[in-house]
Amino acid sequence: MTIFELPQVEALIRAALAEDVGRGDITTQLTVPTGLQASGTLLGKQDGVLAGLPLIARVFAVMGAPVRVDERLHDGDAFRSGTVLATVNGAAADLLVGERLVLNLVQRLSGVATLTRRYVDAVKGTKATVIDTRKTTPGLRALEKYAVRMGGGGNHRSGLDDGILIKDNHITAAGGLGAALSAARRGAVHGMRVEIECATVAQVDEALAAGAEAILLDNMSVAQLAEAVRHVDGRAVTEASGGVTLETIRAIAETGVDLISVGALTHSAPAVDISMKIKL
Amino acid sequence: MTIFELPQVEALIRAALAEDVGRGDITTQLTVPTGLQASGTLLGKQDGVLAGLPLIARVFAVMGAPVRVDERLHDGDAFRSGTVLATVNGAAADLLVGERLVLNLVQRLSGVATLTRRYVDAVKGTKATVIDTRKTTPGLRALEKYAVRMGGGGNHRSGLDDGILIKDNHITAAGGLGAALSAARRGAVHGMRVEIECATVAQVDEALAAGAEAILLDNMSVAQLAEAVRHVDGRAVTEASGGVTLETIRAIAETGVDLISVGALTHSAPAVDISMKIKL
Amino acid sequence: MTIFELPQVEALIRAALAEDVGRGDITTQLTVPTGLQASGTLLGKQDGVLAGLPLIARVFAVMGAPVRVDERLHDGDAFRSGTVLATVNGAAADLLVGERLVLNLVQRLSGVATLTRRYVDAVKGTKATVIDTRKTTPGLRALEKYAVRMGGGGNHRSGLDDGILIKDNHITAAGGLGAALSAARRGAVHGMRVEIECATVAQVDEALAAGAEAILLDNMSVAQLAEAVRHVDGRAVTEASGGVTLETIRAIAETGVDLISVGALTHSAPAVDISMKIKL
Amino acid sequence: MTIFELPQVEALIRAALAEDVGRGDITTQLTVPTGLQASGTLLGKQDGVLAGLPLIARVFAVMGAPVRVDERLHDGDAFRSGTVLATVNGAAADLLVGERLVLNLVQRLSGVATLTRRYVDAVKGTKATVIDTRKTTPGLRALEKYAVRMGGGGNHRSGLDDGILIKDNHITAAGGLGAALSAARRGAVHGMRVEIECATVAQVDEALAAGAEAILLDNMSVAQLAEAVRHVDGRAVTEASGGVTLETIRAIAETGVDLISVGALTHSAPAVDISMKIKL
Amino acid sequence: MTIFELPQVEALIRAALAEDVGRGDITTQLTVPTGLQASGTLLGKQDGVLAGLPLIARVFAVMGAPVRVDERLHDGDAFRSGTVLATVNGAAADLLVGERLVLNLVQRLSGVATLTRRYVDAVKGTKATVIDTRKTTPGLRALEKYAVRMGGGGNHRSGLDDGILIKDNHITAAGGLGAALSAARRGAVHGMRVEIECATVAQVDEALAAGAEAILLDNMSVAQLAEAVRHVDGRAVTEASGGVTLETIRAIAETGVDLISVGALTHSAPAVDISMKIKL
Amino acid sequence: MTIFELPQVEALIRAALAEDVGRGDITTQLTVPTGLQASGTLLGKQDGVLAGLPLIARVFAVMGAPVRVDERLHDGDAFRSGTVLATVNGAAADLLVGERLVLNLVQRLSGVATLTRRYVDAVKGTKATVIDTRKTTPGLRALEKYAVRMGGGGNHRSGLDDGILIKDNHITAAGGLGAALSAARRGAVHGMRVEIECATVAQVDEALAAGAEAILLDNMSVAQLAEAVRHVDGRAVTEASGGVTLETIRAIAETGVDLISVGALTHSAPAVDISMKIKL
């Protein structure tokens, strides 16, 4: 079971087909003879990093359309404008119905992979890993996190249930940093590390004393980050977060943090231009 | 029934909550006492145009959480960085669970509205209307098309079923432009205009002769567009499509086309930065 | 993707199987050996016009039952009592479970097609097209509108979202006929004509003056219809509606209206008697 | 939990709203101001027997619309043309969206109840009960069987799982009438009677000998029915089936059968004309 | 359509996979190469009676995994510790994902069948049939009732809708035993027997006089049961219920009751230990 | 959002109501007057530990039934036979429909909590925590894991996606213990510890050398466990698994392992007897 076979992904494809096809593709029904065969070529119209190619086959499978897909590249491959990414063969009516959704998916995910690759390249040579956040498109989280991996990044937790991250409000609600950390460590499902958000180096010291296993350094300057990393000194995983851009990430990485989380990877990646040329 | 009350929107919220909350917000369960009340402030951190504010109340309603929402602005309003957009009051645990989805939705939709407003402003004074395309985020089409309206744009068809648009493949499959047009007009549900895509001015003439009611002028230069508009001379609605950017749109509008469709409005709008500050 | 492959149709079949099969066909489980093969013959027991034959294969496909279906006629064909419409071959237990739903669907849809054909025949030689309404069986609209087409009729809008029809209440709410029309034309998705309901010839004149593209002539006498058509004089599509029966439709058609909408096509068509004879 | 509160009924209403409302009621959105209140009157335009009135409130509840419904009659009541059946008060936009589905449901179910009442009246004074069959509208079985009860009829089994009915194919498959009956009686869930279909009086005798508890007399003449009833002599429940019309049912009832099943009650009942007059 | 092909069973498998697999089997994704094949052996580790074996194939089918299953025994067969029940062949990743659900299902259902067999053996030679109750695991009723049959038991009604059982509260609400019985008999769907619960022999007499067709003897001592059976004298089906254990059931059966219902069959059957050994 | 408010739990309740109520509670419909009010008392009929009490309110809420629930104890409380656990007040028909599902849930979950408490008590004074496994009832995992917590136990991972556990097959597939561990550590979502299964002390040493953070000691004797714990010496979390019973668990705990996982907690806990007494 790959990610593309998860029921959540099938549900997304069904919802997306429903919103696009609705009561049926009137134009095609009125103009394209049943049984007419066609072939299509998926073509990169910009340079980019590919993600989501296996979704072509999934979209047509969910439609119940017997379309043959030949993938020419693999997810994670960089491609140049003009590259053929895949070809499809099947009924013209099926290709015309599925085309838009296929493109909307592959363009967006490749956009995420492409932007991630730029961030990853920017920290090359440091020990920092670029990771994503929960700032994803509603309904597309699993796919977007996969695209981040294809771009060379790593993943933060998938949701509120498979990782523990104590933020300022949790600390206040629990009655202090130490109380929050110990409540979380006591109740955590065996197998999860407890991470806590710190805004100052003093808080970092307090968190370390209370046994934090990972520390999110929130909105710190590069100087503060460097100091915090020195204080931690390998006793916990460190994550820099907040205000990370392509301009600032290199300096952040050089402070020695383990992880740098970047919301823009998923909330502001422009689509990569990809077209499907259909021939009857 | 507003758009926010459609079952499709509720289904999207449910899917998005499921992917974020999964088996429950562990951190909050372990650190936040049941019954603790809190208030939150939705704050613009950039200038922008607002879209999706009523989704705050919808998200908490779908969660079954009794949260009071006070909207301070209306969708479609422009706002400055630092503006309070809304406040929320309810159980701390509910606010912490719903916060991320609320922001992911409002940031994205406001991003679409904000980008649309820039395109709309760029054609001010011409007769052209900026409209969207089917290049939307899978699962979010209805909301993104709404955001385009909030930005001042208009909408192209919602899907393959509520508008007829004959493209090159349909023409080939039907055996020619005239055959395609007459098949479409004969079979169209009463109430729909038939639109056809033309790549040359010669095709435009052929389409007019065959009774086209709307013509999509595909990837034409500004000069070609101007000539096509002259040929049409008010006998059909004209739509310019392809390669439209903030740099090129003014010149396109000045050719006299009725509509200009822009894929970037929905496939490449960066999120507007909005935060929710929670106080216990 | 034909209409029979739409997810709505699969959902209807699933719901109908669930209500008929429930926890399983007890009688068959207790009396029919697993693996016993059988063949069935779908037989018209009355004259009629066929609609819904492809649903046989869909029902068995949704059941997951490997049944071979041979269609002997096509939807839209008229048939005489005694005609074999299709044969089916598969496991006896599958045929016995699917039989009732297959018949309930084909009988009903053929009933709609048969009644539509009678109305269509009644206006032969005039320019009027017989069309349906939204007075369909809840859950079966797409199929019933298809059956109307098989009977030779046309379709009015599919729902509240793919056509604009301004009725008396909308006029009042908008503050007058002109205000309603201009609001609708301004906000309409590009590609939709605006239709307005008029009860008097004076209203027709007002609607024309305000730019109506289609006019529903509501519950008018034949004389009023004729006068209204003269006033419109080709400037808008005209639709007669209300009180249309097999007795009155000819005279209505001869007034020169473009469309005649008939609720009875879908809300009062008796089923055509069709049986399935199974042989073990 | 009445029938109207079953999840199946809610699912039907949701599906029916989805097919009618789709992406939203454009006309109303463009012409009716938010917050405008209205009242509506449900009026019988023909004589009939009422069924489905509580669905008005259910439809608006499923829509999430706060509409007040005042029912003036009860399901099962006969009414004259011109009678007010119910009034509704709420937002104009909600009434306009829900109106069509409410009417489509109440008209159809009242049609079933009205036709049933005619059959029931036709056998008055005999011991026969008029019952329905599985020849119902796909998706509406529970509601249509309820409408039959409102018309004064009784119900045959709801589906293949809550009653045992051995037909000719089951007999053949099981290797004879006796074998089929004994297999069914052995395996039947405690609490169910076993019914068997007989086409001749000889078969009736065989069924009685094998311990049948109910016998369906299939397509027999009145004379055969009378003889079969004499043979049964109270040892089993008798059901006449096949070719029952308003013309023939009285004679059938006078043969002394216990039950007469009539497919037309549900597959061919014309809708009763009911309108909703909305006032702003 | 066997029970394993019912949509309810597919829905259960989907829900169970969703709760186990969630966002994907991380361990397998990170360690097992795509395409690696494996075989597995389902082995009984205790003596037992088998139930649910066809669910192995269903689980892998619902996963969309092409796994070949060879069943070595049949449901209902008794097996010894060490017996191979089935073998499976397919992709290692698929076997590892499906293994746990397959075992959780087959272990539980075989547990029910095994316990039922012990109760059935305990009444051998008497006329009593051991039957189940509605005290089943939420979501698994159809499967557990099937397991009871595989153990040699019979089934009480499947739910509140396919059998009538009048209990003390119904009697009070209806205004007495006779009133309840006659209301139930009048309204019952043709084909259902009416059963009534009695706590004393006096009530049994009253129920018989009112025409009860089946009587549930609730929490009676063996002596009371024997007396009740004598009073009934074959005029109704008798069912003993309440406080039945492996120690008491023989004596209860010897009173001559027809049915003995046992809640423990489904609510307290321990799982039978079964393992799946996978070889790469 | 407590666990009882998760959509998965609502879906389970809906499925369980559907399987029990089906087309409606016939007996109650025929005998209990609409509007008749009643009260019910949930009574422990055995000693036990309570789990699932909030599900009473959830069941009635999902039914849409306005029932007032007064909880007298809290989940996690031990209770004696004869204790009133809760009272309910509402329509008699609602209480009769919901009663069985409420009891099936609370009896089962309290069974799990009660058995867990016995295991927890057996290790009192040692450092070992009793935890559950994935051997849960399909569809009920979240609830059963909650019941384990109410009994005083801890939880192992919830599914294949929120924890990493490398078993023998993963080691083989990855090409050795070290390769498997490093692949898992590299790819793990930040925040998850990597656990590995070891069958011998030699493997434990190898796992420690390769950086295992948690070690599952599979089916070891008490002597082996003690030796393994000495070898680990606090460098990793240790979990004993396999063959744990109430008889053996104390000795296992005294070896110094951190965690002891017990499948029987969820796959073989007998229901606790609880009744609901309804008074009209």
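Just so it is clear, A, B, C, D, E and F label the chains in written order, and each chain counts residues from 1 on its own.
Please note the rule applied: contacts are C-beta pairs under 8 Å (C-beta built on N, C-alpha and C of every residue); 3 or more make two chains touch, one makes a residue touch a chain.
All values derive from a computational prediction rather than experimental measurement.
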Shortest chain-hopping distance from subunit B out to subunit D: 1
Shared interface partners, meaning chains that touch subunit A and subunit D: B, C, E, F
Equivalent interface positions on subunit C and subunit E, same or different at half: different
Distance from subunit C to subunit B - Cα centre to Cα centre, in angstrom: 33
Between subunit A and subunit C, centroid-to-centroid distance (C-alpha), Å: 45
Numbers and ranges of subunit E residues touching at least 2 other chains: 8, 18, 21-25, 97, 142, 158-159, 161-165, 189, 192
Touching residues on subunit C, where the partner in the complex is subunit B: 131, 154-158, 161-165, 189-193, 195, 214, 237, 239, 259
List of subunit A residues in touch with subunit B within their complex: 8, 11-13, 15-16, 18-33, 36, 38, 92, 96-97, 100-101, 103-105, 107-108, 111, 134-142, 158-167, 169-174, 180, 183-184, 186-189, 192, 264, 267-268, 270-271, 278, 280
Subunit B to subunit D touching residues, read off their complex: 1-3, 5-8, 142, 158-159, 162
Touch list for subunit B against partner subunit F, complex: 14, 17-18, 21, 23-25, 29, 34, 63-65, 93-94, 97
